[in-house]
Each structure stands twice: as C-alpha cells, then as structure tokens.
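After this come two complexes, each holding chain A, first together with chain B and then together with chain C.
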Partner chain A sequence: MMRLAPQAGERIDRARPLTFAFDGRRVEGFAGDTIVSALYASGRRVLSRSFKYHRPRGELCGCGQCANSLFTVDGRPGVRGCGEPAREGMVVEHQNAWPSLERDVMRIADRVGGALLPVGFYYKTFIRPRRLWPVYEKVLRHAAGLGRLPKRQAEREWRTEYRRRHCDLLVVGGGLAGLTAAIEAAERGADVVLCDEDAEPGGWALVDGRHDEARALAARARELGVEVLTRAPALGWFDGLVPVWQGDTLHQVRAPRHVLATGALQQPLVFPGNDLPGVMLSSGARRLAALYAVAPGRRAVVATVDDAGLQDALALRLAGIEVVAIADLRPDAGGGGPAAYVEAAGIPLLRGATIVRASGRDRVQHVTLAPVGPDGRATGAAEDFACDLLAVSGGLQPSLSLLLQAGGRAAYDPQSACFAVAEVPAGMAVAGALAGEGAGAPVATPPACATDGRRGGKAFVDLDEDVTVKDVEHAVAEGYDSLELSKRYTTVTMGPSQGRFSQIPSARVVARATGLDLETVGLTTARPPWTTVPLGALAGRPLEAAKRSPLDARHRDLGATGRWAGDWRRAYDYGDPEGEALAVQSDAGVIDVSTLGKLLVRGPDAGELLDRLYPNRMSTLKPGRIRYGVMTSEAGRIVDDGTVCRLDDETFYVTTTTGGATAVEQTIGWWQATWNLDARVTDLTQGVAAMNLAGPRAREILSGLTDLDCSNEALGYLNARHATIAGVPALILRIGFVGEVGYELHCPAAQAGPLWDALVAAGARPFGLEPQRVLRLQKLHVIVGQDTDSETTPVNAGLGALVKLDKEQDFVGRWALEHAAEQAPDAVLVGFTTPGGELPTEGAVVLHEGVAAGQVTSARRSPKLERTIGLAWVPAELAQEDAALSISDAGRTIAATVTTRPFYDPDGEVLRS
Partner chain B sequence: MSVLDFLTPATGPDAPVAESPLAPALAAAGATFAVRDGWRVAVDFGAPAAEADAARASVVWADVSHLRKLELQGAFDHDLGTAVRRDDGWLLPLTPARALAIGETMPAAPAGADAVDVTTQYAALTVAGPAARETLARFCALDLRPAVAPPAALRPGSIARTPGIVVVEARDRFLLLVGAAVALHVWEVVADAGTHLGGRPAGLEALASTEEVAAHA
Partner chain C sequence: MSFLLTCPNCGPREVTDFGFGGEVTSRPAERPSRRELNAYVYFRDNVAGVQREWWQHRSGCRQWFLAERDTRTNVVAWTARPDEAPAAGGDRSA
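This part shows the complex of A and B:
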C-alpha cells in the first residue's frame, strides 16, 4: 500500500472510500482519487503496454496529459486514467495487451521488432510478396489501435450536447494567473467564462502548497459570477470561437477578448530506459503525493535541469519519500535557494550530471548518473543508484498551442531552454507560466539524448508512438531532415498526447542530426483538437434539418416511400409506381408539389423585371394567363425553369423548381439592386401548398368540389382562375407537366390537408415523384438539373422557341444566346426508345462511331406505352427521327432509336382538351 | 375575390379549420386542441398545471403559428435590431425596406407599405421560462444575453441550422419565427433541448402564465 499520511491540500476525501474493478481485480480508493492515483496507491505500477513494442508503461505526468494510462472505462476506450476521477463500481480495463498487462504476447515485437519494425517500416517491410499484403494488412490492423469500441451500436452512442456561450472575456487556464485575470475583469462588470482542464481550478498552486490561496480565488471568482468550467479543456481556436469540451457538452464559446493562461508542461529527459515504469516527471510524482497522498515510490532519484526539479525533490522528501540522490545538469545547481535546501537536507546533489541510463525488469530498479558533454555522452565517473522512482525534470515548455492557432508567434529562448511567446494577437493577453512568469532561475539545456555509452537500451523521444532517438536520426539520414518531414515519416508527436512531451525532445534530436539550431528547427504547426474528443461531440445532436410539405403526415400515413429532393422530403411513390402512373392516364391522380418555389412579384415594373430576367416575354401576359419560362445565367445557360402567371396588372406569380426558390429569389434581388425597378418580391414557397390534379377525370373531380366553371372553354390550358375548392381558397393553374388534363391547385398551407383529403375522397389517386417522372418523360418534358447541366442553353435543350431575341429589352443572357443562336449546336437533347426493351442506366454513354459522344439523362419503362423511353444528349447529326443510337452501359451495348416528338400525345391534344 | 386571397386561410362555416404546420407534432405530444378564430390551436398537453409550473421553474415551448403575419415592403424608419410593440403584436423591421408585422389579429398595414399575408409562410414558437435562454443556446448561436439582447431585441439569424428570427418578448420569453416547412424539425430540436433541461411543451393556457410580454411603444 502506497498511501501517505494526510497531506495538507489533498484532494481525496478519506471519509468516502470507494472501490472499482481493474482487469477484474478489486481496487480501493477514495472520492477525489483518479484511476491512476488509486491504482498507484494499491501498488500497481504497470498501467499499459506501448503502441508498437508493447513495452510496459507506468504513469508519466500525473495530470491527464500523457498517454501512458489510457484505459477502457465502462466500455469507453481511450480514457486518460491520470485525469479521470475514480467512481464507485466503475469497470476499468487495460488496452493494447493480450492476454494480460503482465503477460502480453505482443511483447515479442520489442524483442525482434527493431529489424522488422524500423521507422517507416510500412514502406519497407510487409510489402513483398505483394499477394500477401491482404494478410499483412489484416494482421497489422488487428495489432494496431488502442482500445476497442463496443460491438453494439447502442453502447457506442451517448448523448452529447452543444451549448453556445457568448461572453465578454474567455480565460483559458484556471491557475492563479487565470483566476486573477477573471476576477479583475468580473470586478469591472465583464461577463467572464473561465475553463480549466483539471478537476478544480488552481493549477500548480494546488500542488506546491498554495492550495488555500488558489481555492479562495476560485470561490471569489464564482461569487463574482464568473462561469467556471472544470475538467473542460479548450480544444482549439476557430476564428475567435473556442470550443471547450466538458463531460458530454461541447461549449462553443465566443468572446471578443481572451486571456490565455494555459501554463507550462514539464518536459521529460531522453536516455536509455526512459520509458520504464517508475520513470516519471518530477511534477507528476509531486502531484500524486500532494493531491492524492500517494507515494509514487519509496526510494527516489531525481534528475533535473532547473529549480523546479529541486523543489519537487524537496516536496517528495517532505511527503515521506526517501530521495537518495539528485543529479542537476547545471554545474552550480542553479546557485540559488533550492540547491541550498537540498544540501541542507542532506540529499546527495551531483552537480553538472544527469541521468544516463535507467534499468530494471518491467520497472525501474537502478539508475546511472554521470556528467555529460554537449553530445550527451558521459564524460566522467558514473554512479549507480538503486531506486523504484526516477523523477525527471527537463525544464518547462509553455503550452503554446492555442496561442499559435490564434496567430501568435513563438521563438526559442536559450535562457529557459524552451520556446517562449514572441507575439500575441490583438484582443488577447497571456498570463502566468505561459507568459514566462516565475521563470528567471537558470535552466540547463538537456542533451538530445544522454547516454553512458554502453550498448543496449532504447531511448524514446515519443512514448505514445514508440519513436526512439535512432528512429528520428534514421529519418533525417533518409532525407526527412526537417521537423515537419521527420514527424510525418516517424509519426512522432502524432499520438494521443499530441506532442506535449515529445515535440521538444524530437526537435533537439533533429537539431543535433542536422547541425541546425533549435530556433531554425522550430515547432510543428499547432492544430486542434488540443485533447481527444469523441466524434459525436463534434457532430452535435443527430437531428436532421428537413423541409416537409404540409401534407407530409398524409403521405406517411399512406405508406409513401420518402426520398430527398434537395432539402425536402418527398413522397417517391405509394408502393405501386406503375399503377399510380397508369391511374393518372386512365382515371385521375393527385401529386403533392408544395415543394415548388413560389414567388410573388408585384409593382408597376413587375412585368419589366420579368422581361429582363427571362428570355421570353412575360409583360405581354394578360391577367389570368400562364407562360412557361426558363431562367438563364449571363452565359445563357439554363439555371431554372417554371411558370409565370399574371394575376393582375401589377402582380405576377412565379414558380420555380424545388430547391430553386432561394437561388432565384437571390438572383432577382441581386439584379434589382442593379436595376432598382419599382417591383417587390415575396417568397411564398413554404406558405403556399400546391397539388397537381391530373387525368381524364380531373375536370370532373374538380367540378364536384367548386362552383367554378371548369369547362375547357372557361378554364383552358395555360389559364389561371381563383376559386374556392372544398371550402379552401385556391389559385388554379391549368398546366400539364404530366401530359394529361391537369390543374395545379395553390392554397394556404394551413388548409392544404382538407383540400387534399377532398380530392382523394373524390377519387384522385395519390401518385409520387417516380410515376411523375415516367409521365413527364412520355411528353419529353425536361427536368432542369436532371436533363440539363451547367452548359445547357435553351437552344440545345430544344427550348429555343422560348428565346425572344426580338425583345426590345436587354435580358440576362441575351448576348450569349444571340451567339448560341447563330451557331448550330454540337449536341442536342432528344428522346429515344430501345427496340429491345433494355433499360439503360441514367448517365450511360451514347457512342457515335465508337467514341463517347453523349449521355443518357433520363430513362424509364412506360407502363402505358409498354416500352423503354428516355432522354439523351446526342451529336446534332443524330438528332433526327428514327436515327440509330448505340448506348454503352456497364459493359453492354444497347441499340436505341431517336424520337424528336413526345412519345405520348405528341400534338398536345389530350393536354389541351 | 382578391388575387391574393389564395394566401389567406378562409374562415366561415364552410371553411375547414386552419392547422399549424406543427399539428402532427402537437398531436403526437398529446395536445388538447380548440378552435380559435378559425385555427386549431393547442390549449394544453394534458397537464395545464404542470405546464404552468414548468413555465415558472424551467422552460416551456408553445406553438403560436396561428399568429397573423404580414410582410411589408416600403420604407421603414426604424432601428434594425429592435422590434416595435404594436397592439397585440410586433413590427419587426428586417431591412430598411422590409418588415414583418405579427399579431393575434391581422395587423394593419402602414400607409404606403405594400402588404402580403405571409401567415402560413412562417411557423412560430414561444420559448419561455428561466431556462429559455439556456435552451436556445443548445441550437442557436445568437447572443441573447440580457445585456446584449434586452426585451424587444430583434435578431434574425440561424435557428437550428435554418434561417429564422428571434424576438426577445420579455427577459425570459422568446418568439421564434422559422419557415413553415422546417417547423417540425425546429420543434424537434427545441423539444430535444428543452426536455433535457427539465422543460415540457405547453399550450396557450400555460403560456398565459409566463411573464408578460414587455410593452413597448
């Protein structure tokens, strides 16, 4: 048992014991413990197996930043045990070892892996013979990865929340500096949010004896209304938006001003055996003792380059841990107070020396200390010490990531042997250790790798990725001689701790190998997220934004198959698309077309406006008349189509394609800003429902529901009338997309349901998008976006008659269409049938003299005509009635015949009847 | 018959009752309906007392899509960003040339303004209660802090990833206007967020017990 006597400022509550399971074994702890502190208190030291070599690993940082203690907790993989609170009954399991942490068969990778798994091994080994790659891949994929997701989808999902939070000031980091900044701002009336990664704010002050001060400041901040978010790391910087991940909530914090007090992280030292369990950061060891009353060892050796390591050693000694020796790389051990205290305490202090080797079987048992030269090689007599804890301090590196993401700059400071803040963006301030406060005492620059010169022993630069010093040196030798290149080749800094403890060490190795200084080597680009975050947190709530017609519930009640049409959900069919199409042609059908765009254009210049927007004339429409129109771009390409109905002298009702309304409204608005005509546009798309009643009995059904004279004489093709239908006010447009006598009924969305019900009750059979497509195809009616693309003009789509080049007004696309009209089109849209009955895939290629020359845009089987029909782009020379086509479709060749006239009712007699 | 009559639900003995685009969701949530001024409205969800309690203690959301809405185009000399309280409704200046007038009864169009009935173009929800702002924060990035958006603040913007308008009717009462076609989606989002925070849907009866809409000239 490694639990110490009560420590002043300890976080655990000894009055609330708890137990949890680790790999099936019972572990005791207290409320306030982390998983790691409880495991360490129980005596466990091996917490995980490393990624590549499956070497045993113990705790490194003690503060939730390293990846040495990743566990699966209650089924969730990748939980950092040194930051995760222990809870009663939790089930904790190791990752990346089989069958157990103690006996992992993959340990063989460490024994033989050096030759088989060199840096970049996946480019060199396991690629020959090629035929075995699928086997290699399967094995490697099975061996790689950390943790397993639960098999059942339900266990892989849990609720995550998005929360938007605006404030006047966001303070990132809740140490003394961050708390002070938050309090000062709140006292001046600012709305402040403070976020901190730890379980409570206070930062290092909680560990170094100033816990009362820290907790008092935190209480004061809360009293002043500061929103304090704990266990809440800031994930990154996105143009002033800082997402903060807390539990299951992603706070999206927006503030005009920021204070970054993100502190500094103590760095490890690099030497053979530096990954043994029991080798940890001196701050981590001190933290375990101070906050959790856990002795990380009984007999400690400390190796340091700064006063922080000396202070940590003294604190460990005070907590009851024997410190058998301290190696301080500085020749004068800093020359300050801490060194004097060390000597006064009788702890052997080796000046100018450092750790050159750690050894032991599955945990540290011996260390060797020696003076070293600039190249890291031992230069003098080495001394061995038996110990079970090696606490190291490689200096402090300010946590720059968020600052750099926000556009700040850092520069290497040889005095403090770290990259320090050089430039802070506007609207931001830095405070505390990030800003270099508290620095000043001398710091020695650790060597890239210290060694006693003996063979054997791996010296790791990156514990997450199992990248050694040799790996980085080999990468540089192979030509990956910058930090960014060596990173991508070796994967150094790409592990779960994202370079917190490996970036600086790897930079030193690259500097040594290339002969460049650290300022030149620099840092890799800082990127979010700062810490691991579930994908679900970023995805937000799984609620789909769909537009739905006011008749949507009725379609679902009728068993309609729903499909997306743009951002609308539409009824594709009601279970019998062929039957629905036949019903329209033999009886009557009704389809919900509420998704069509609908715009009201009003004003004295409304007609003029439409004449300028469309190639055809709209101002000549009489009230109650309808005209089909295509809208073109300035390049003369079709961008939308629909109908224009004149309601009165100054009022036009314009329909567009589903999904086209917003773009058309914007286009009109843009041109209006230029022309400034006296006309106004109102979007009615979502407020007006529309349904198309069509078929031989359509007139009879409509007549039964309204007093309006629906005879062909009174309400002929391309005419509009107002009427009350089944008690609902409606605008009736006599148009015919599906080729039968048809009435498009537009009414208030709030009364669409009763109107639909009345039509269906009167015998109109609901039909969906799929039968509608068949019916319109029989008439060779074009669907913009389906049968046209960004290069299609009205001329080559067979709609040239709509283009009135003799209009007086200039109109959008006129110049381009004049040019298009002067030249014969190269390709033309035509209808086709397949005598053999084959149904080509939409998008299949049309061949001409063996070369791809066009494509099929639409193809269906017509139940009425009992043959396959379609539309296709073909070379102009083939656009003749009965011309032969050859269609290549997924390896087969289909013979087709051109049709230039509609398959059904080619002269429109039925349509106009 | 006016050429724009087809935009306005008919009233009268032969006319069917007008329904909110949220009718299916209201029914699914257990609404009790009544007909008021030709519209079928949800008066409660089976627990009017509990709804009133939730309105006071956490958050409620109510469908008020029956509110009449008029789009006005012309010249408006109003502060953009501030709604103007008018009788039983609001005038919402959206641009210098476009405004929306809302009310329990059809608002009157100011002289010189072109008016179009867009009642059915928008769905409307009222979200009210001490947790209303927190609820909105779950799906709306508009800054609705009291100091920044006091009563009568008008904020067009994204609501649940769709274009919408927020009117701060009172300190803890918000009127949301969204396109009628996305009403079901927005209701689902509001319910998802509000339920998680301890709230519930409410009918018009409970809404009356929330804080009064601020009176602004």
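This part shows the complex of A and C:
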C-alpha cells in the first residue's frame, strides 16, 4: 500500500471505502479518490500504453489534464483517470494494449520503432501502390485510435441536455482568484456562474496548504448565490457564448462579462527517458500526496527550473517521501526562501544542473543529474541516483486557450520562460496564475532537450502522440520549419491533451533547429474544445420530435406497414396494397392524410397575398370553392403543391405536401413581411387531422354519417362545406385526390379517431401510401420532390394550365416563367406504359438515339389497369402520344410507350360525377 | 457562431432560436432581362461588414423581421419589423 498517513486537507473520506474493477482485478479506494489515485495507492504504476510505440506510461499531471491515464469506464472510452472520481462497482479497463497492459505485443513498434517508424512514415509508405490502400486502411484503422466504442448502439446512447444560462458574470476557474472574483461580484448583486474542472473549487490552494481558506471561500460563494459548477470545464469561446460541459449537461453560458482565472499548468522537461512511468510533474506528485494521501514514490528526485519545483519537493518531504536530490537549473537556485528551506532540510541541491537521463525497466529506476550548457548537453560531472519517482518542474504556462479564442493576445515572457497574457479583450478580466500572480524568482529556461550525450533513450516532446525531439528535428530538416507546419507533419500537440504539455517543448525544439527565438516561433492556434468531450454531449437532445398522426395507434392495430416519410410515421399499406387500391376503385377506401400541411391565411389582404404567391388566381375564388395550386420560386421552379380553399372573404385554407408545411409557411410569412400585406399565416398542421374518403361508394358512406346534402348538385367537385360527420365537426373538401369521387375530411386532431372509426365501420377500407401512389399515378398526378427536382417548372411538368401569364397581378416566379415560355422546354414529364409489362426501377435511364436523355421518376403496376404505368422525363420531341421509348434499367432494355393523358378517367368524368 | 438577436415581438433570444433568411435583396420593379433575373435570383453581395438581412423567429412567434448585423463580428445594430425598420437602400418591396 502506498497510502500515506492522514494529510491535512485530504479529499478522501477514509470512513467510506469503495471497490471497483480494473481489468478484472479488484481495486480498493476511498470516496474522494480518483481512478488514478486509487490505482496508485494499490501500487500500480503502468496505467496505459502509448499511442504509437505502445510504451508503458504512468501518471503525469494528477489533475485530469494529461492523456497518460485514459481508460474505458463502464464502456465509455477516453475517460481521464486522474480526474474521474472512483465510484463503487465501476468497471475500468485499459486502452491501446493487447493482450494486456503488462504484455502488449505492439510494444514491438517501440523496439524497432526508431529506425522503422520515423516521422512521416505513414504518409510516405502507405501511398504505394495505390490499389493496396483499402488493405492498408483496414490495418491502420485497427492500429489507430484509442479505445473502442461499444458495439451495440443501445450501449452507445446516453441522454444529454442543453441548458442555456444567462448571467451577469461568468468566472472560469475556481481557484482562490476565481472564487474571490465571484464573491466580490455576487456581493454587489451580480448573478454569477463559476465553473471549475475539479471535483471541488479551490484549485492549487487545495494542494498547497490553503485548503481551509479555499473551502471557506467556496462556501461563502455558494451562500451568496454563486452557481458553482464543478467537474465542468469551459470548452471554448464562441462569440461570447461559453459552453461548459458537466457530465450529461452542456451549459451554454452567456454573460456580458468574464473573469478568466484558468490558472497555469506546470510544464514537463525534455530528456531521454522522460516518458517512463514514475516521471511526473512535481505538482502532480504533490497533488497525489496532498489530496489523496498517496505516496507517488518512496525515493524521489526532483528536477526544477523554478521555485515551484522546490516547494513541491519540500511538500513531498513533509508528506513522508524521501527526497534524495534536487537539481535546479538556476545557478543560484532562485536565491530565495525555497532554496534556503531545501538546504535547511538537508536535501542535496545541485545548482545549475538538470535531469539528463532517466532509465529503468518499464519504470524509472535511475536518473542522472548534471550541469548543462544552453544546448542541453551535459557539461560537468554527472551524478546518478536510484529512485522510483522523478518529479519535474519546467515552469508554469498560464492556460491561455480561452483568452486567445476570445481575441486576447499572448507574448513570450523570458522571466517565466513561458507565454504570458499581453492583451485582454474588452469585457474580460484575468486573475490569479493566468495573470502571472504568485510567480516566485525568475525561472531558468529549460533547454529544448537535456542529455548526457550517450546514445539511446527516446526524448519525447509530446507523450500523447509519441512525438520525439528527433521527429520534430526531422520535420524541420525536411522543410516543415514553422511550428504550424511541423505540427501538421508530426501531429505534435494534436493529441487528447490539446498540446498543453507539448506546445512549449515542441516550440523550443523548432526554435533550436531553426535558430529563431521562441517569440518568433510563437504558439499554434488555440482551438476549442479545451478538453476532449464526447460528441454526444455536444449533440444534445434532438429538438425536432418525430411526428405521428393522431391515427397512428389505429394504423398499428390494423397491422399497417409503418415507415418514416420525412418527420412523419406513415402507413405504407395494411398488408395488401393491390387489394386496397382495387377496393378504392370498386367500393370505397379511406386514407389518413393528416401529414399534409394545413395553413390558415387570414386577413383583408389574404387573397392578394395568395395571388402574388401562386401562378394562378386565388382571389377570384368564391367562399366554399377550392382550387389546385402549385407554388413556384422566383426562379420559376416548383417548390410545393396543394389545394387552396376559400372559407370566407378573408380566410383561406391552404394544404401543402407532407414535407412542405414548414417551408411553405415560412415562404408565405416572408413574402407577407416583405410586402407588408395585412394578412397572417398560421400553421394548423398538427392540430388538424385529415382523411380522404374515396371511391364509388364514398358519397353513400358520407351521406349516412351526416345531415349535409352530399349530392353532386349540392356538393360538387372542388366545393367545400363545414358539416358534422358522425358527431365530429369537420371541413369537407371535395377534391380529386386519388381519381375517384373523393372527400377530404379535416377535423380537430383530438376527434380524428371517432371519425376514422365511423368511416371504417360504414365500409370504407383503410388504404396506405403505396396504393395511393398507384391510384394517383393512374391519373398522372405529379409528386413534388419525387417526379420533380430543383429544375422543374410547372410548364415542363405538364402543369402549364396552372400558370396564368395573362393575369394582371405580378407573382413570385412570373418573370422566370415568362422567360421560360419564350422557348420550348428541352425535357418534359410524360406518362408511359411498357407493352411487355416490365416494371422499370425508379431512376432508370431513358435512352434517345442511344444516349441517356431522361429518367423514370415513378413506376408502378396498376392492378386495375393490369399493366405497368409510370412517369418519366423525356426529350420534348418524344412527348407525343404513343411515341416509343427505350428505358435502360440495370443492364436490361425495356421498350415503353408514351402517354400524355391520364391512364384512368382522362376526362375526369368519374371525378365530377 | 453564437449571439443574441432581439425579436421585435419576443425580445432577446439565442440565435439558434431563429432562422436566417439571407441578405435583403432588391426585387426588380419592372420585368428584368434574363441576366438581371439571374443576378436577382442567384447572386448575393456576401459583404464582410454591416449588412441588412432577414431573420425569422422560428422557435418563437414565427415573425419575419429585419436586422442589421456586422458579418465579421456578429454585432447586431438593430432589429425591427419590416414596416418599422429604418429606411435604407435595398428595400425588397415589389
């Protein structure tokens, strides 16, 4: 056990032990532990295998920032073990190693890797021969990536929520500076949100002994009503909106003012062996000891360039860990208090020296400390130490990401050997370590890579992506000599920790290789998200609900084949599409058309508005009359079709296609606003149900259910009446939907069930969408979107009669249609039959003189007509009755004959009877 | 992209509540030539700067309104119903 004696301010609750499974083995811990602290307490050091070379890796940062301890937790990959709290019964598994974390066969990549896997290896190797790429891809896909998603969809799904939060002030970072800012603002009455990545606010103060102060401030903030979000990283800056990710919730926080107190992250040092398990940031080692009472090692060596490393060394010693030596790169070791304390404590302090090599088998066992020159090479006597922990401190890099995204600026600061805030955008303030507060004596600039000069041992600038110093040097040598280019070539800084521990180290290597200074080399662009976030958390909950007709349950009870059509669930048939179609033509049928768009256009100018929107006249409609209309765009292209019924002088009832309701409502509303006409459009689609009763016996059925006179004289074709049917108030539209005598009955959605039941009980056979398509195709009715596309005008779709270019009123699309009318269309939509009875696939090609000249858009077999019927686009010269067509369909050629008139009831005698 | 827009009926809301209707274009008053028609239907100025544009309060009252927005910064100078908008060029009235 590596658990220390109780530490003041520790976060674990020793009264509440817990256990969880790691790779099938039982791990014990306490409430308050993270996965990593519990694993460390149990003595485990190897936590993961690296991305490319499969090298063993241990903990680095101890605070949820590094990618060294990514696990799959309860099936969710990519969880950061040093931030994720341990929970009773959780199942934790390693990633990127096979068959086990201890024995990983891909480790071979590391043994041979130096020579065989140089930077750019993949780009250069797997492009030849081209035809083998699919094979390469399969293998590489398997080797690439970290973690696996659960195979079954249900296990990948989880509920997430968006939450919009508007406040006066957002404080990012809950250290002492952030807490103080939040409290001050809240005391002045501001509505404040504070977010922090850790499980509790307090930041570094929780570690460095000021835990009581931090916890008192957090309590005070909550008391003042500050909304404190924990385990909640701010992901980025989007024009003032800051998404804060907290578990299943994405808080979209918008505030006019922001305080950034994002703190600073200690940087690693670069030397051969710097990725061995047991090499940690000194702050991470100290955090493990202070918060979780875990000994990160028994014998520690500390290498530092600043006071922070010395302080961490003292704290480790105080926690009961033997510190055998400290190397401080500064010749005077800062010259201040910390160095004096170190000496007083009797810890050997090597001034002007640093770590030049770490070695050991799968964990650090020996380290070499030596004085180095500016190029990083050892210049003096080296000293070897045996240890099991090497704590490094490479300077504190303020976390600038959010500030830079918001338009702030950073500049290199030689005093801290890091980039510091240079310019803060308006409405924003920086505080705490981000603002450079708490910095001790000036730091020594670490060399790009410190080395004892001996061969062997990889020195990494990026642990996430397994990028070594040599890789970056090769990239520069190959001409990728700017930081942005070498980043793209080597993938340095592109791993899960977003470059927070590799930007500065790789920039130093580029600076050394190019001879430029760090200010010139600069930083790569800071992009959101700050931390890796599951796509599910960003996706949120879909806002558009799938839509079901109020009759949906009845369709299911009737055994309907249900399918999605756009947003709507629709009944395609009830098991016998042919029988259903025949029933409509010989007897009576009823179809649920509640999915049609239903709009009310009302106002003194409603008629004029519709006149300007449809190519035909609508204002001349008399109340109680119906007209078919096709809506066009300004380009003269068909956008939707439907019926327009005038209910009274100022009210029109407009139906649209199933998918078109929203777009048509938007279009009508937009033109209304544009022209400022006194009319309003209201979408009634989901409040009103509709069903179409059709067939020779439709009139008889309807008459039996209502007092209204339904005779052809009283309720003729294209007339509308309000009536009570089977006790349900309804609007009856007599229209020619499927070619038989038909009545479209619109009623309140809540009363659709009883009306449907009454129609079915009276003998109307339910029919679905598939028989409807056959019936409508017999009449050559065009389906907008199926038979038309974005190039189709009413004229070439055979709907020219609906375009009234002689109408005095201007209308949308008029000019385009006028221009189009001046020349004959190239292609037109016509009906066809196949004498041989073959049924071409929709989309099959129409051939003319041996070349593709059109396509089949609809084709069905009509059970009534006992032949194949369809619609196809053909060259204009073929648009004549009985013209011969040749259709090429998946290798076969089908002979077809053009029909320009409806296949059934071409003169509409049945319809009007 | 994220900013607030003020619906003339409902007040300030997240931009995701709204549908974008594009920049305000000028509908020809007289029958245009083919070329003019093409320009009117398909071409937009796509300015990097302040432009007058259409928005609809899609997830709210469904009102169409005008806004003047800087496309570079997403700073919205004003929003107004078309009949209450400050006069400017680029009126779409027919």
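As a convention for this text, the second predicted complex is superposed on the first by the 783 of 913 C-alpha atoms of A that agree within 3 Å, B and C clash if a C-alpha of one lies under 4 Å from a C-alpha of the other, contacts with A are read in each partner's own complex, and residues count from 1 in each chain.
Convention: a contact is a pair of C-beta atoms (placed from the backbone, for glycine too) under 8 Å apart; a residue touches a chain by one contact, two chains touch by 3 or more.
All figures in this text were calculated on a predicted structure; none of them were measured in a lab.
Student: Of the partners chain B and chain C, which touch A:R164 in the superposed model: first, second, both, neither?
Tutor: both
Student: Taking the superposition on A as described, I'd like to know which of chain B and chain C A:A635 touches: first, second, both or neither.
Tutor: So A:A635 only meets chain C here.
Student: With both structures fitted on chain A, tell me whether chain B or chain C touches more of chain A's residues.
Tutor: Tallying touched residues of chain A, the top partner is B.
Student: Based on the superposed arrangement, let me know which partner A:R254 touches: chain B (first), chain C (second), both, or neither?
Tutor: After superposition on chain A, A:R254 lies in contact with both partners, chain B and chain C.
Student: Look at A:D810 in the shared chain and tell me whether it touches chain B only, chain C only, both, or neither; answer first, second, both or neither.
Tutor: second
Student: First (chain B), second (chain C), both or neither: which does A:E818 touch?
Tutor: The second partner, chain C, only.
Student: Let me test your reading of the model: by the given contact rule, A:L759 touches which partner, first (chain B), second (chain C), both or neither?
Tutor: Touch partners of A:L759: none, neither chain B nor chain C.
Student: With the two complexes superposed on chain A, say which partner A:D239 touches: chain B (first), chain C (second), both, or neither.
Tutor: In the superposed model, A:D239 contacts chain C only, not chain B.
Student: Could you tell me if A:A673 is touching chain B, chain C, both of them or neither one (first, second, both, neither)?
Tutor: In the superposition, A:A673 contacts chain C only.
Student: Quick check on my understanding: which residues of chain A belong to both its chain B contact set and its chain C contact set?
Tutor: 164, 252, 254, 543, 683
Student: Help me check something: in the complex, which residues belonging to chain A touch chain C?
Tutor: Per the stated touch rule, the residues are 164, 238-241, 252, 254, 543, 612, 633-635, 665-666, 669-670, 672-676, 683, 810, 815-816, 818-819.
Student: Contact residues on chain B for chain A in the complex?
Tutor: 1, 3-10, 14-21, 23-24, 39, 71, 73, 114, 116, 118-122, 134, 137-141, 143, 145, 147-148, 160-162, 179-182, 184-185, 188-189, 192-193, 196
Student: Using the touch definition from the top, list the residues of chain A that touch chain B in their complex.
Tutor: For this pair, the touching residues of chain A are 159, 161-166, 191, 252, 254, 541, 543-550, 552-553, 568, 600, 602-603, 623, 647-648, 651, 680, 682-688, 722, 724, 726-731, 746-751, 753-755.
Student: What part of chain C is in contact with chain A in the complex they form?
Tutor: 1-4, 14, 19, 21, 27-28, 31-32, 34, 37, 40-42, 54, 56, 58-59, 62-65, 74, 81-83, 92-94
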